[in-house]
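After this come two complexes, each holding chain A, first together with chain B and then together with chain C.
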Partner chain A sequence: MGAGKSQFTEEELQDYQDLTYFTKKEVLYAHQKFKALAPEKVGHNRNAKLPMSKILQYPELRVNPFGDRICKVFSSSQDGDCTFEDFLDMMSVFSDAAPKAVKAEHAFRIFDFDGDDMLGVGDLRQVIDRLTAPQRLNDNDMQQLLQYILDEADLDDDGALSFAEFEHIIEKSSDFSKSFRIRL
Partner chain B sequence: MSGGERKKRGCDRGHGWEEAGAEFYQESYPAAIEADLQQALQKDPSHIATLLPSKKSRVATAKRIRNDTKTTLRRRTSTRSRGTTTSRRMSTNIHDAAVSMLPDLSENLSNEERTWEEIMQIKAMPVCMSQKMQLKNQLQSATKLRLQGFEQLKWQRRKAWQQFRIRMKETWSKMELWNDSLKKIGGNFGMGIVAYFLFIKWLMYLNLLLFAIIFLLVVLPAILLETPVSEICLSNNTASVACCSELYRNMTDESDSITKIVQGILEYTLLFYGWYTHKIYESVGVNFYYNSPLAYICAIISVFIISLVAIVRSAAKGFKERVVEGEGQFYQYCNLVFGGWDYCIHNEKSAAVKHKALYNEIKAFLEAERMEEERQNRTREEKTKLFFIRLFVNLLVLTVLSACGAFIYYVIDFSFDQLTYLAQEHEIARLFFEFLPYVCIVGLNVAIPFLFRYLVALENYSPSYVVRATLFRTVFLRLASLVVLLTSLYRLVADKIPENECFHQQFRRMNVSNSTNKLPLCWETFVGQQFFKLYTTDLFIQFFMTFFVNFPRSLIARHTENKVLRFVGEQEFDLPKHVLDIIYSQTICWLGCFFAPLLPMIAVIGTFLLFYVKKFTCLVNSTPSSKIYRASRSNSLFMFILLVSFILAVIPVGYSIAEIMPSKSCGPFREWESVWTLLIATFSCFPDWLQSTLFFLGTAGFGIPAFVILALLLYYYYAVSIANKHMVTVLKNQLVLEGHDKQFLLNRLSAFIKQQQDQNKFHQEQTNELGTFQHV
Partner chain C sequence: MSNALNAIIPYATLRMHSVNQLSNEECANAIANHLQSSNKFMQNDPTSERFRMETLRAMPQCLTVKRSVKSQLLATVNRRTKKKSISYWKWLKYNISLKIAKIWVTVQNTLLTMELWHQMIKTIESHNGSGVATYFKFLRWLLLLNIISCILSMFFIVLPQSLNQTHIPNNIKVLDFLTGSASLEHYNNKRTELYVTVIRNHTVAATVIGTLFVFWIINSTSHCWQTKLGEEIYRLIILDFIASIFGMCFQFIRSMLYKKLSTKIGKPEFNIARNTLNLIYNQTLFWMGFYFSPLISLIIVIKLIFTFYIKRYELKKCYRQPSQPWRAAQTQTLFLALAFIGMIIMLLTIGYIITNVKSDDCGPFRNYSHTWDFIINGILSLKRDSKFWSIVSELARPVTGAAIYFGTSETVYCLRAKTKASKEMLQILSNMLLLQSQDKQFLMKSFAKFANERTFVHSEMNFIQHASSTEQNHENEEIVLSRRRNLPSTSFEERL
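So, the complex of A and B:
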């Protein structure tokens, strides 16, 4: 309890610094942010598990069309509930310092709704729908768009994007690493 | 885990793919394969493809172990730890996966440095924190060689360097300006707009650097060092440098009215060229001297070189990104879908706008694709109609541009005329006429773009082309107005210099004391003043427009339901316009920095203020834009335009350095024919060998071979890039073919497996039947 500093030992902070893209100060700052989501609970137990609805109150995640997916991907219990360590992992991946490859891996998991390790047509459709919500593209446009995406990226012509293909796109997209970040 | 085991696993990992591939077809782990297959087949036989090793991400691998212990990676360890408890197995599995995911650093027993490197790699792994922690502990407790002697030292140094870098980063991030502002802007408007603000910041730092150079080389010595005694004017030679200087001194000293004082402040200060001395500072007794004219010109030249290097470096970075991105618009749809959302957006309103913008953008892309098709089947009649419309609009734009140029030219002429004939008493009027041309220029720059934006809508271009077309027309307008200003200044200044200006001035002063100002005594200072005025006017207008015109407009828009009023009041953050604003003032800074050495300082303050002005425009006045501005693309565009305006600024400054004779009464170059002659004189003081080398570099004997070699190199790289491009297409085709092959084989395989399963079932049924039959 009390100030953020007293909740961690120097050793733990060193661990966090080694295992994330953050410095010790940033870790403490991240913890402040985490604590702000549920001051009571985190005050008692610095690594309390917060339900997904609480995590989704973090401003950037609240408006993010993939907020729930992000929580699920980073949650150590797979159900979207995050502990502070999960939250720290999440912020570390979204930080400026994280390299493109790391971001790409997580992005792939976020976009992979059905969890089959491929971005199939269904996944892409959901991604696009979430992006354009509340409007929806009509079927014709959607079909066309999917076709264009697969034309561009599906190198082996199997109707779905594998991780290698996805990584290839991300490698060539300078927009991605600029937009796939959340400032702490 | 012992070192030996780890080593083994390292090897494992190296052959991971082949091994996994072999495993797939081997029957040595029938249970595992069966399980996977069963799972895959239950879904869909064609989904067998997802089991291919190439389809697996490191994430997927890690996830699998976490999800269910029955899949892929377990196969690898299953032979080893069958007997242990489930939980134990789970953890080893995780470690196996994690270790096997690390790059292969341990060919043999690892040493401290390797372990440390591996620990540093853990953070890149897509597993949760507790697992990372376990992994770290494990790596730390594993037996390892201690490094000896020099190696140890090297490692320690690396570690210390890393620590230092982290520490530096921390302090730097604390010192960095405007972090919160940028976060806020990003949250509301996305990264494209943030790129613009980062550009402003970049320009401010650039100006700061330029200012530092000029300050150190020119201003500081001028303040600190003792000014040498000027020569005494001998009455028999009134045209000499000494006499002119004295005359100029006297003139600036006698300030008897308000405008005179203003003029005086603007005339003889550190700000302008005229103040700086042409003498060489010498300390008596000590062997020290400081050649201030040489320092002055060197400072200016280095300012330009540094600006150029900074721009080119920054532009090249953007350009490299563009090239990597693929030729042209190669991945536009993927980019849009996967990189479309700005994860830093944090408020509902902008999120809604972003959703809408993305929707529109997707629509626009599809529309463009359709338009492209349509364009191909456009009828002849439509084509001619469109052609004439475009021709007409372009002619109109040209007319407007030249009309603007002529207008500015006459206004400048007119106001200078008025200034000459107006009596000294009309101070306010004089002040008005002094600033009139600049107000006109800035006013035109505000008004004409609206017209252009209206005109471009008639032309029926594709959306991305529209942005570029308006942008370049407006750039042209701004630069054209600067060119007109420059030519009229040149006409005022350069024509009259070769005469014996001082003598004339003196003569005129004796006769008609009123009209001294037709011809400025120190034309460099005069020109510097013009740029100074233009810069401040521009800044002021920006300020005024933002707070007194656009702010009320936005207030109106926010508090009314009336459609007309809303139309008047609502404004989007129109990125091209704002980019032009900032580039324009930067151009003025470059143009003026020879004549007003402290202009970069003003520019630092200016850009600093502009950041806040633009932030206000962005956050308070504007609604989020319905256009999507790409962060990557916009930055290279900014740099390109900046480069164009930089070149435009260099030409006149270079000309005035090389050709125009400096005035005799002021400035560091008053003794010289032109600034260039000073450089030549300095050159002739160099040691012989250096002189001859430099001279040789300038001759055709060196130039032509150098040119040929450069051309050859260029051609070589061109050829290589063409070959690479060709190779890329070939490889891509091959990849597609391989994909088809794989597909084919997989289909065969799944069909075969299915067949076998059916057969098995059939056999089983048969045996069962047989059994029952026998039983019976």
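So, the complex of A and C:
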């Protein structure tokens, strides 16, 4: 309530509007949400860097099994700590307006745990483990599931999904953009 | 958009960040340089400006990089052309079109969330997979279809009739029999299982409905046979509903037993095929009974709503996760096709009844020998100059028919051509993907070969150096150097 004046100049807001999928109003709203995570710190410096643990308190991220991965992918320092601009980037990619291609690119990064630009068996295993979180698939089921995924998606039979193959699968699932989103 | 982007900045991707360890500034400079090399991209007009912004927005880079690229591009554009701001009208136009696009997205979103059972089906889809959700979506679709026919029949048949007090359909009777439900079979191949279940259940349903129809058409001389047929269909629908309630109790007991004795009894699995076929059977019964007893539409709507909640409850409490992945899209098409076939057969049968089977001494058509005669009489008794007559005669003209036929054929042709083209494109693209990966493998192999050769040359060099005397040293080094020059040296190798 205290801040009568916006912490941003008109030019900065214009920049944000041009570079993200948000309007100026939505940018300000996003900042409010960001500020709510650490009112003291952000009130002092609007682009303060918040530790990953703080960012993960954002309701949608808290319940998301990939919350920490999402933070790491969008963090400009790559350690999961996010500034407001990183946060804005994140919300923009997860917004409804962001096109499928942009979402797919980031989804691939989120799932690529080892960062080798391929979704290998190890990556897929981690993805599945996180999705089934409280329980764990037994080895047999896991093996079978991995086999199904690779049978369906791995067109060149190299035992891993490249970005092209991943995109191909995403193209087929019409619901992807609807599920890959976070409401601001 | 993404294609256009790829053509402009092939390397602007987040994914490669581990390979090219560029700082934000270097990255921004590289992208800006690359973008500036395209003349078309750097025009100073609103379209180009918008394209630039969209490209930047879609770029998977962080905001800092994007902002730096933006300012560089802006500076270059301003330097290249004298500054010329967009006219007020153009600015207004762009702003309005942007606003409209935004509103459209919001409306679409709201409509989507307002869809019946949207959230519940989403939850089911996330917990039990898209295959199970197919069943519920199909159920919802049928429900909406039946609600429409229910409203139509209520307003145009039941209400006028009850106001007129001529003929009130009275086929609500106490049920007199019950049957059990089908048993399970096991197959290795899930697909075969699906098809076998589909064929078996469909045959059973078709036999039941077919026998019923043939029986009553043969016995069409008996008193009020239409009413009796309507009653029987009604009974079948109710029976089916009771069977599904009993089925739920049975599954519930089974899952309780499973919890107690886990190893002896397998936890039941939701059989998508059987459940969906049940829906189709139900729907076929409805289409058949609707002609004889319009009130059935109301019963069907209520039944479908109950079925949704019963199945949802069953799914939550009793079933384990489906063990096999499900090709939701293909299954959906198969089910729609089956429902469509059921409807066509029913239409043909009812058409036959209307035109060829004698109507008897009860019901609204009792004064006519065939129902069809009623329709003919009704049309003939219309006044020549009435509006309805002119519409009917207009519709009945060959030109109208030809136009409709032509339009439909054209649409079907276009859609078919589109499907074909998409299929071909898919083939081409997957071939391309395959080829690319083969290229990659070939390159990796040859790279490994060269790398091996190089280590071999190194060891050879060491060996030669050891063996050579001082006076031969100079000569040998020359040989080795010439050999090394023949080897391809790439920056990639150096990095390794």
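Note that the second predicted complex is superposed on the first by the 180 of 184 C-alpha atoms of A that agree within 3 Å, B and C clash if a C-alpha of one lies under 4 Å from a C-alpha of the other, contacts with A are read in each partner's own complex, and residues count from 1 in each chain.
We take it that contacts are C-beta pairs under 8 Å (C-beta built on N, C-alpha and C of every residue); 3 or more make two chains touch, one makes a residue touch a chain.
This is a predicted model, so every value here is computed, not measured.
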| item | value |
| --- | --- |
| Fit or clash between chain C and chain B when superposed on chain A | clash |
| Partner chain(s) touched by A:K41 [first = chain B, second = chain C, both, neither] | neither |
| Chain B versus chain C as contact partner of A:L88, first or second or both or neither | both |
| Chain B versus chain C as contact partner of A:D117, first or second or both or neither | both |
| Partner chain in contact with A:A164 - chain B first, chain C second, else both or neither | both |
| First (chain B), second (chain C), both or neither touched by A:Y21 | both |
| Of chain C and chain B, partner touching more chain A residues | B |
| Which of chain B and chain C A:I182 touches, first, second, both or neither | first |
| Which superposed partner A:K49 touches (first chain B, second chain C, both, neither) | neither |
| Contacts of A:V102 with chain B and chain C, given as first, second, both or neither | both |
| Partner chain(s) touched by A:P134 [first = chain B, second = chain C, both, neither] | first |
| Clash-bearing segment of chain B, relative to chain C, as chosen among 76-84, 310-318 or 382-390 | 382-390 |
| Residues of chain A at both interfaces, chain B in one complex, chain C in the other | 15, 18-21, 23, 74, 76, 85-86, 88-89, 99, 101-102, 105-106, 108-109, 115-117, 148, 152, 155-156, 158, 162-164, 175, 178 |
| Sites on chain B touched by chain A in the complex | 43, 47, 49-50, 54-60, 63, 66-67, 119-120, 122-124, 126, 128-130, 132-133, 136, 166, 169-170, 179, 183, 186-187, 190-191, 321-322, 324-326, 330-335, 337-348, 350-351, 355-356, 358-359, 362-363, 366, 369, 630-632, 732, 735-736, 738-740, 742-743 |
| Residues on chain A engaged by chain C in the complex (per definition of touch) | 15-16, 18-21, 23, 73-74, 76, 85-86, 88-89, 96-97, 99, 101-102, 105-106, 108-109, 112, 115-117, 148, 152, 155-156, 158, 162-165, 168, 175, 178 |
| Touching residues on chain A, where the partner in the complex is chain B | 15, 17-21, 23, 25-26, 59-60, 62-66, 74, 76, 78, 85-86, 88-89, 92, 94, 99, 101-102, 105-109, 111, 115-118, 124, 127-128, 131-135, 137, 141, 144-145, 148-149, 152-153, 155-158, 162-164, 166-167, 169-176, 178-183 |
| Interfacial residue positions of chain C with respect to chain A in the complex | 1-2, 5, 13-16, 18-19, 24, 53, 56-58, 60, 62-64, 66-67, 70, 102, 105, 109, 112, 125, 130, 325, 429-430, 433-434, 436-438, 441 |
